[in-house]
Amino acid sequence: MRIGFIGLGAMGAGMAGSLIAAGHEVTVWNRSPEATAPLKEKGARVAATAAQAAGGDVVHSMLANDAAVREVILGSVLDAMPAGSVHVNHATISIALARELIAAHAARQVGYVAAPVFGRPDVAAAGQLNIAAAGAPAAVARVQPLLDVLGQKVWPMGDDPVRAHIVKIAGNFMIAAAIESMAEASTLTRAYGVSAGDFLGLMSGSLFASPIFRTYGGLIADERYSPAGFKMTLGFKDVGLARSAAEAERVPMPFASVIHDNFLEAMAAGDGDLDWSALARVAEGRANLKNR
Amino acid sequence: MRIGFIGLGAMGAGMAGSLIAAGHEVTVWNRSPEATAPLKEKGARVAATAAQAAGGDVVHSMLANDAAVREVILGSVLDAMPAGSVHVNHATISIALARELIAAHAARQVGYVAAPVFGRPDVAAAGQLNIAAAGAPAAVARVQPLLDVLGQKVWPMGDDPVRAHIVKIAGNFMIAAAIESMAEASTLTRAYGVSAGDFLGLMSGSLFASPIFRTYGGLIADERYSPAGFKMTLGFKDVGLARSAAEAERVPMPFASVIHDNFLEAMAAGDGDLDWSALARVAEGRANLKNR
Amino acid sequence: MRIGFIGLGAMGAGMAGSLIAAGHEVTVWNRSPEATAPLKEKGARVAATAAQAAGGDVVHSMLANDAAVREVILGSVLDAMPAGSVHVNHATISIALARELIAAHAARQVGYVAAPVFGRPDVAAAGQLNIAAAGAPAAVARVQPLLDVLGQKVWPMGDDPVRAHIVKIAGNFMIAAAIESMAEASTLTRAYGVSAGDFLGLMSGSLFASPIFRTYGGLIADERYSPAGFKMTLGFKDVGLARSAAEAERVPMPFASVIHDNFLEAMAAGDGDLDWSALARVAEGRANLKNR
Amino acid sequence: MRIGFIGLGAMGAGMAGSLIAAGHEVTVWNRSPEATAPLKEKGARVAATAAQAAGGDVVHSMLANDAAVREVILGSVLDAMPAGSVHVNHATISIALARELIAAHAARQVGYVAAPVFGRPDVAAAGQLNIAAAGAPAAVARVQPLLDVLGQKVWPMGDDPVRAHIVKIAGNFMIAAAIESMAEASTLTRAYGVSAGDFLGLMSGSLFASPIFRTYGGLIADERYSPAGFKMTLGFKDVGLARSAAEAERVPMPFASVIHDNFLEAMAAGDGDLDWSALARVAEGRANLKNR
């Protein structure tokens, strides 16, 4: 298929590479043009503007946040897409923006498939992402082969794209909650002489043996918060998406409230650029572990 | 070795069975004598009193809570143990009682190894538990072969038995936090039309793929809270152990506070005998999901 | 002085009346024109448009929320005010809008005095409000005699109008916190057989003897949540202003987070139109008091 | 009447003095005998043991906590009281101990009136306390004239002494909540340039004009946390009484949970001996106000 791929950050670059490797004709665009070079080498065409990447059968976009999606997709890409083509949005965005996008695509007779992804850059490059997908059945069916290229598994969430977006938002909240639970629990064990490494090693090697607990348990055990894999400020933004969605539907989420307050404390302390697993520093600071 | 095994609940019965199967000479005792029959059939001797099970090289105990440990161990077993023998305590108990036990065993020159276990009855019966172990090196070394029979892995936590007990307490807190995070997240997705099964299936099948998230995610998805695998009231007690330990060492744990309040709400609503994953009912009740 | 008064709700009507009674020449405007009749009778001129009320020395406005201030003041009133005149804004608004207003007034060389008020309609009508006031000294000095007419006391907060706005926002948060503290405390005493009336009567008659505790303690004791003096949804909005201001400056406010979640629960239960003191229903519901 | 008065701390000394001044025959006892001298001068008899103060018509006790009440009252005083005499307990104690005391007094046919007091030492000395009183009607009636000497107002709470004790516990929780609400609110205003003094001066001079807000608002504004009027550790204990009482009756109290965690943080930081209004230091520390 003739595919446009917009947004070549650490995640998008790997995803676009997978689509090229699968034999699709891919035209890429990125705000900073340097990111296009490695893909050009793999056979991608490079568009001079985002709109120029939008003329094919399908456009994938993997943009950073609401502002970028609004500017690039609503600003130019959607208008350049032919009626009947499909836009696959991989970004983590607010429910409010999702609803705007759904209406705008419908008005232009362009299909809209929400397909947020779970996984890190190496997983993206290997085509092993987990993908939640939702949209009109015909549109989803059309892009299913592409999603199958990108993911080890595609999890269908129905025909309303909002559903896939809320799944991504709720999933990221669960990651933040996992970090906070490890932060509190390991602060407790440390106060009794058990290192975070010994405790979290057991947890992530047994009952909680899974990518999230292994990855973030390791970072907390090693206090390896820099360079950040995912910055505190981005985690704060994502939990904010959960809180906004919850507020709109009157869903109290006390864990989300605790996490929100802890993010604020971390950022007030100047830790905003650390990995979000540095929530553990808030917990240990409250217990004054360093001065015992 | 000549072993006494005290406490034949769902967990203890499987553990004692493993020790018998490994060729040890095991004398068992249980408050309700009916529980001894299946083990007698496997070759165990049956003691008429707890003290009569205490005369060998090692006593294992797997009792329900502080009160049972206090009554059985401090009440009679410890006095019946020969100097130089070793008591392996598998129970989940308070740090305060742990300290009493350590002093009492030292006074009697009986070794004390804290060896709380992670795993459910079927895992116990299969000798596949995860075991945190701590105690004087000589005592631990002596019972290591027995722990190896019981567990797929023994995680050494040093020479102070308190350390293994705090690991168990902190671990159970993490399970409660995992339940609450699934409860809040799936309430959010349900408010947007995604079932708990679809959402938690994705989570526990990808980033969170681990026994805790699979087990409790499944219970929440199916609203299968009865019969309880682990009762709300027991979860409340265990999170109480974490909170007491945290209070004693001045460790603020806001997630534990949220969970405490939610347990109270569930028990006030009459749900104390449900599985502790019924914390999800508190979350959905607050959002009034049933009346939408 | 020649004064315009914009916004004749329960509060504004009383305030405008005080200014008329003090001998000022007052031109009033209200979105629903019926509200102007009683003031016309007292001697006010009635403007056909908000802009027509803006031609004098000073414009007071008492509008409901950010949206109304944005539409009326930024939409027409400010453009109609002569350079050198002063706008006195009595509304409870966000810090973000406050900053927009400050810039817009400066650009038009119109003075801007933030003068949010504390007190209820009867207090407003009696000229007995408490007023926090901030703005450029010359502008404040010019309107001081008018503020003295409206309030029993004017509390100067410096020359940055933002300061008076944050005082109002923080003050309303404190009221919500007082309600929640009475809700929890009286739920506790009720569980032990002491009515909310007996308990809160003592509190608000002794250590806490003050308008807030008397007023809301009485409402809670009598479960008199309807008709609402101040609706739950408005309280939710105001605590939201505190939370937004706190977030922007990285100020963790765990009490505000608890209140936020409780408001959501109340609104999910359909209590959004009750008085905000109906937070007590959330507390009693959690403890299941009604079914004991 | 012939009265014994046990416990001559800052509160008890003033109360005993009031009873002497009212013409009663008062025998005093205190653990540290120096405290008896000033009362001897005013006409009190001094007992050598607590039991020797227990032989009259009524015994008042004003002891520090559960441990002191248990030791002094259950340890010796109650046994020394004649059947038909009445014990008036002014202390702040747990509900669990209250129930023990009720049973023990009944068994000895000694009346038990719970009469916890609200007010500070100067208020106690002036006989201007607020007193919650509960007990069997005949017992209360008998000591009513004495309570009237001690208090500006006696608030009857019924015939179950537990009711007066829970009122005191819930009241102290409300004070802690008032402190925390001022801590958070003034941290917010300070982040926007308004001093705690300016903000809390307005609040405690208007809507919240009452002893609690004036007293603690002043301490927070002046950061005058030492010497402590009421130590953080005592506040922690009292909020613990509320939390225990709440737990026993399944009453979720999220504000109490927040306060509990904040007390732990303050004590971990070494602030346990400061006044409990130093909760404001926790709030300002989280927002990192000092390093802005």
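The letters A, B, C and D name the chains in turn, as written, and every chain counts its residues from 1.
Operating definition for what follows: a contact is a pair of C-beta atoms (placed from the backbone, for glycine too) under 8 Å apart; a residue touches a chain by one contact, two chains touch by 3 or more.
On a predicted model such as this, the values are computed, not experimentally measured, just so you know.
Undergrad: So which chains count as neighbours of both subunit A and subunit B?
TA: The common neighbours are C, D.
Undergrad: Farthest chain from subunit B, going by mean C-alpha coordinates, please.
TA: Computed centres place C farthest from subunit B.
Undergrad: Between B-C and B-D, which chain pair is linked by more C-beta pairs in contact?
TA: Counting C-beta pairs in contact for B-C and B-D gives the edge to B-D.
Undergrad: Centre to centre, by mean C-alpha position, how many angstrom separate subunit C and subunit D?
TA: 36
Undergrad: Between subunit B and subunit C, what is the gap in Å from one C-alpha centre to the other?
TA: So the centroids are 53 Å from each other.
Undergrad: Could you grab the centroid distance between subunit B and subunit D? Build each centroid from C-alpha atoms only and quote it in angstrom.
TA: 40
Undergrad: Would you mind listing the residues of subunit D that make contact with two or more other chains?
TA: Touching at least two other chains: 246, 250-254, 258, 261-262, 264-265, 268, 286-288.
Undergrad: What residues of subunit D sit close enough to touch subunit A in their complex?
TA: 254, 261, 264-265, 268-270, 286-288
Undergrad: Which of the residues in subunit C come into contact with subunit D in the complex?
TA: 95, 118, 130, 132, 153, 155, 157-158, 160, 162-163, 166-167, 169-171, 173-175, 177-178, 180-182, 184-189, 191-194, 198-199, 201-203, 205-213, 242, 245-246, 249-256, 258, 261-262, 283, 286-288
Undergrad: Considering the complex alone, what residue numbers of subunit C touch subunit A?
TA: Within the complex, subunit C touches subunit A at residues 246-247, 250-254, 257-258, 260-262, 264-265, 267-268.
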